[in-house]
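Should a chain be cited, it is by its letter among A, B, C and D, assigned in written order, with residues numbered from 1 in that chain.
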Amino acid sequence: MRIAILGSGFIARFYATTLHAQRRKDYIFTVYSRDLDNAKRFADDYQLAHYTDDMDTAINHPDIDVVLIALPNDLHEIAVAKSAQGKKHVLCTKPLGRTAAEAKRMLDMVEQAGIFAGYLEDLCYTPKFLKSVKAIQKGSIGKVLWTKSREAHPGPHSDWFWDKEKSGGGAIIDLGCHCVEISRNFIGKEVKPLEVMCWAATQVHPIDAEDQAIGLVKYANGAIGQFEVSWTFRGGMDLRDEVIGTEGSIWLNSFLRTGFEIFSVGKPDAYVAEKAEVSNGWLFPVGDEAHELGYPHMFTDMFDAIEEKREPLETFYDGYVVNAILDAAFLSAKTKKWEPVLIEDWRGEEFTAQEEVLASFDDEHFLIKEEVMPNKDLKKILKHKITGKVTQKIFKA
Amino acid sequence: MRIAILGSGFIARFYATTLHAQRRKDYIFTVYSRDLDNAKRFADDYQLAHYTDDMDTAINHPDIDVVLIALPNDLHEIAVAKSAQGKKHVLCTKPLGRTAAEAKRMLDMVEQAGIFAGYLEDLCYTPKFLKSVKAIQKGSIGKVLWTKSREAHPGPHSDWFWDKEKSGGGAIIDLGCHCVEISRNFIGKEVKPLEVMCWAATQVHPIDAEDQAIGLVKYANGAIGQFEVSWTFRGGMDLRDEVIGTEGSIWLNSFLRTGFEIFSVGKPDAYVAEKAEVSNGWLFPVGDEAHELGYPHMFTDMFDAIEEKREPLETFYDGYVVNAILDAAFLSAKTKKWEPVLIEDWRGEEFTAQEEVLASFDDEHFLIKEEVMPNKDLKKILKHKITGKVTQKIFKA
Amino acid sequence: MRIAILGSGFIARFYATTLHAQRRKDYIFTVYSRDLDNAKRFADDYQLAHYTDDMDTAINHPDIDVVLIALPNDLHEIAVAKSAQGKKHVLCTKPLGRTAAEAKRMLDMVEQAGIFAGYLEDLCYTPKFLKSVKAIQKGSIGKVLWTKSREAHPGPHSDWFWDKEKSGGGAIIDLGCHCVEISRNFIGKEVKPLEVMCWAATQVHPIDAEDQAIGLVKYANGAIGQFEVSWTFRGGMDLRDEVIGTEGSIWLNSFLRTGFEIFSVGKPDAYVAEKAEVSNGWLFPVGDEAHELGYPHMFTDMFDAIEEKREPLETFYDGYVVNAILDAAFLSAKTKKWEPVLIEDWRGEEFTAQEEVLASFDDEHFLIKEEVMPNKDLKKILKHKITGKVTQKIFKA
Amino acid sequence: MRIAILGSGFIARFYATTLHAQRRKDYIFTVYSRDLDNAKRFADDYQLAHYTDDMDTAINHPDIDVVLIALPNDLHEIAVAKSAQGKKHVLCTKPLGRTAAEAKRMLDMVEQAGIFAGYLEDLCYTPKFLKSVKAIQKGSIGKVLWTKSREAHPGPHSDWFWDKEKSGGGAIIDLGCHCVEISRNFIGKEVKPLEVMCWAATQVHPIDAEDQAIGLVKYANGAIGQFEVSWTFRGGMDLRDEVIGTEGSIWLNSFLRTGFEIFSVGKPDAYVAEKAEVSNGWLFPVGDEAHELGYPHMFTDMFDAIEEKREPLETFYDGYVVNAILDAAFLSAKTKKWEPVLIEDWRGEEFTAQEEVLASFDDEHFLIKEEVMPNKDLKKILKHKITGKVTQKIFKA
């Protein structure tokens, strides 16, 4: 695949580094930046054939197969529109839109144009995550009851993130979009998100947007998807997910505790200390950062999907659903109530019946719990099906 | 100190094991149980001089200094009333009451009787916790912004926990009482809890009470205390706390990952597998369970406080505040809105002003963030104090 | 018990802090120090009734039940001799002697005097360690094949440690004594240590003694006890043990990773940073240091043993065996060969037969290994009992 | 690159899976196996154009650029010989030879033929390892004093590993080759390995070769490289490295504790339980196994090196040095003494002077250690340069 990348900032560099590593056969052909100097510098750094400060030129270049959008949030829509017009496949960084309405317009454009559209939700492509989702689908932990996804760090790198107009919000839009989609994957994308409760506050920074938020998303099958996002965390980048199922649990730590620990009393070392806030003492780097963040597996799925004429794991529709959930979160943070998730075009299951999971002890009693006591006796806690009375029975060892 | 223990169940045995270990000088003199056989068995196991099935006999025995209440929740009030009447010092297990009203009556009784009253909130006495609170008080992590306390396991041992009338609720009352008081200690007990948002559900068990819940408690200084409680967790007993402050963070794992790991393919081993749900494969025991759960340090503080005629770290008043917060949590779970915390007799600070934490770059700009870039340039993100415009400045290395 | 403590330095303070905490009933009555000012300061700090700079006065005070030796290594023998003469029970800090000969003389003195003598090997009393040994004794991990004990930190606090004449050696005598006794407990104290291979070097410090060493101790049942000791480690105090058995494994981390993590960018904090070498960034304190290092459980066993007229878990004889092993280690480091462990008075099993652990597949073949393949086939690797030929058989799933 | 792979077993499949993943541009064209059915099955599984049971056919196919040797140890030499004859670039799996003599012959062949020859030491290419080596080279932990590399699991998959004639040995040759080369990279490949002390035993399996061994390799600059290898470990695959330097430390866990934890009480799950020995309870999978083991970065370096006409990070010469060290280890295990490492053709530095690292306090004293005491006093421990007397000075805070 020959790629036109739009944008030359932090995330564009992450994408380019990934694509030009490990002897991959796809490559970036041209880069667009609003600033021609930046475009040139980027082209030099990644040895690109071409660069431009005209978006149309980049997109419509005849050698280009795919447009890769790595622009600030307020420029996604125009870039998608131009890609759809040019009938080029398009991959868009997260979040898809600043609002569900914006995301829906992008979704409609690509569907009407009949082009491939991939949603670059990298954290749903980390190897740990992919294996966890597969384990859940195979039944390893039973029915998922609760998921939590947490992303926290001391705040983003570029000015536009901190400007609510351009970004669409603070930590919720920047980090919450990851967390919400992570939970959807664990719970099952076919399960409808119903309503959201969210608390958000600006605790530290002199900004209008929130720098800390916690949200709960209730799903049609009774599961809860929790997100915790923060631009105030001190200690590095905290990326953790947890899942509780009826028959097991999953704990993922994707960045700060991955089996790599360095202690240094010596000269401050910027090399290992990336994102660490400190450059000596105990440091916790990751091996290959792009890999740990899911980029290689994400692009592999995207380009494979284009070739195989199938949908990628993460689509523009997913991006739209995420925005719809975040819209409800922003509203809830203001109204201080649970707010419904409004999805115009729900494509999953309309109603997921609560499965009956109550276990019976005998005809008259439910079994609440059984447990082997320290003295080896077996204790069963029962509830009468009619009277509701709770009792316990001891079975001698 | 000579102690009368009321109750002979799981928690009473934990208390007795702690008190009769490590050559401590305080000891249990008598045990009361509703069932005389249980009382006798307990007295035999712990080599007590005396046992009884009459609560008054136990409390009013002339050799008794302190009454230690280890009864089901619905019996705390009567036991406290009898202790107050008998003018005996009293220590009551957690939660203090099933409701704030009940807790308030107990508080009033002991204060009117002028007796010492300690609230046995053991998880606020674990050595890790005590050291963390001290570190916070010394300013190690700056101002506390957010705390989370999580307690999750597959459900309690005795039938009465599962009976809402006797217990006062499910996982919220059983586990949430710990989490709420943990957060209060981290944030500062003088800071007033204002309102609570809580989600609760009965996801797995055939019971009326909740077996999973998440709550947010908002404090007068802007801090948030989050609790996560579950009777559905698979994998052992998950006790974790986290704190984010303006200048640092704390992560505590009190049970499942404490530097003790055993793998066994051999014969199932009940010895190390306690609370582990499985008895082979990877097991994560703790060294000295009572110690890890805070019991020895808790009783030391209680008896020292009696001798030194001071308040213990955890008082009946603390127990009452916890119940008031949990009342609001139960209500919020029903109304699906934030609910105010109603405290009749607030003894902390009436109003905690939000400290001004905004940093200035120069007279005209706030400093949002500064960061050393990979190329060693220093980037500062600024906000104009009047226009609110966000910009960034690069200072060459 | 009323205790006379000899010594007022670092370890004496650790002992005193432990003994006067948690409402223990035993207490220190007098302190001896060579320096009267130090004795007085110690007595003031721990509110002792009495202090002295005359060792005999301390030991022979009529109110004293037990002498607690917390002196530099070169003064252990004289203190034990005086205790034996005074017919007082004696507890001696580790290592017992600087050499096996010295330790043997101390052992003989106490046995001839008929007094109780406890060896204060605290790391064999940590709660994690006690539970691990019990799990091994119950068969949780099968027969122990290999153990490793590692103790590493940046070097001891007091000058005499660094003076080979006074201490008897460097990291081997200071830290290796712990590691060797830890391995003996895991492998079984009845199993005879046969020979030792040791490498030692002075890698960093301007001293005569070794600051880094690794040793292997071969036991009569084929097990290997490995020790790794260092005064050059950067990053805190590293205390880890590992055990491999035929049916399982144990991993213990006693200090640096125990579920307690603090990150601080704020003002350097001596409070949490104890032993950490750095005072901001990620810090890994322990909850209750004395507890994590085994002191409370050690003294409980010692005083209980005196009252119950039984041996403690760690005796002077154990201390002597440890010194005998270390003597062989020092010799091996010089001769660069395996050196025999010379024990004059072996009280364990004289010969431990190698158990036959070879499993048969059928009459003609041993079973080397069986494994389920990714395609679910079962593969068995066999060895012909006579020809020795290795083959594999696949059993289709 | 078009590749001929020799071998179709476990490691060949790992290589093929890596090479045909992540849209890499290099691909396997043909496979050779001694068994034509296995060759065909492999070709089908990886959609290869060609397969054969004739080694020459595979190697000499005109479309082939590189020969990839994934054969049992006893077939490496013949395969290298044929590749050299055919003037094809060659990559050989680890260990290079069964002995240094065999490895030397292979080294000579490829050098005489003038072909590119890469040594497939994957564990020296894991992302964590590559970053660690770079950090050491940048001085993050000062001078390396001691390294340890540990590889332990319950034994290999195929019969030939267990047959000493074919494999060249047991755990030492299979796993020790990794550990030795890991240490060489940490210490610096230019530093000459001088002598080896090794203990080895057959503790569990009915085989002639060792299933457990520990070795120490002494280097010319005073550093020690320790290896620990085992085919008896229970609990999965334990891959850990540690480094102590004068100014810091590194701890790597490459497999069992990488931030991925699953608990399952449900149905046994072969999916996540790979290499785990158990299929429920707590499981510790890795995200992308090939990545964690270094395969993708290894092949990238190899093919890049061919194109860039440079040496790869791991060469046949490295493989030869590793074999020379292992030869000394095998000999030492028999003679029970340190044995010299015999390298015919040493290409590194002939003599690495011990750097003088002794710090002075003043003209007359070395500084042994300085430390801030709990009371904030600064204590310095000194040694007189002439008399050697050790003293301490306290500097009041």
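Observations, loosely collected:
Methods note: a residue touches a chain if its C-beta (ideal position, glycine included) is under 8 Å from a C-beta of that chain, and two chains touch if they have at least 3 such contacts.
If you're wondering where the values come from, they're calculated on a predicted model, not measured in any experiment.
Two chain pairs are in question, A-B and B-D; the one with more C-beta pairs in contact is A-B. Simply put, chain C must spin 180° to overlay its Cα atoms on chain D, rounded in steps of 5. Computed from the mean C-alpha positions, the centre of chain A lies at a distance of 33 Å from the centre of chain B. Centroids built from CA atoms put chain C at 36 Å from chain B. Centroids built from CA atoms put chain D at 48 Å from chain B.
Residues of chain A in contact with two or more other chains: 141, 234-235, 247-249, 263-265.
Contact residues of chain B toward chain C in the complex are 21-26, 126-132, 134-135, 138-142, 247-254, 257-267, 269, 271-272, 285-288, 291, 296-297, 299-300, 303-304. In the complex of the two chains, the chain D residues touching chain B come out as 234-236, 263-265, 277-278, 280-284. Considering their complex, residues 141, 145-146, 148, 152, 154-155, 157-160, 162-163, 197, 199, 201, 203-208, 212, 214, 216, 218, 222, 224, 226, 230, 232-235, 244-249, 270, 274, 336-338, 357-359, 366-369, 371-374, 376, 379, 381, 383, 388-392 of chain A touch chain B.
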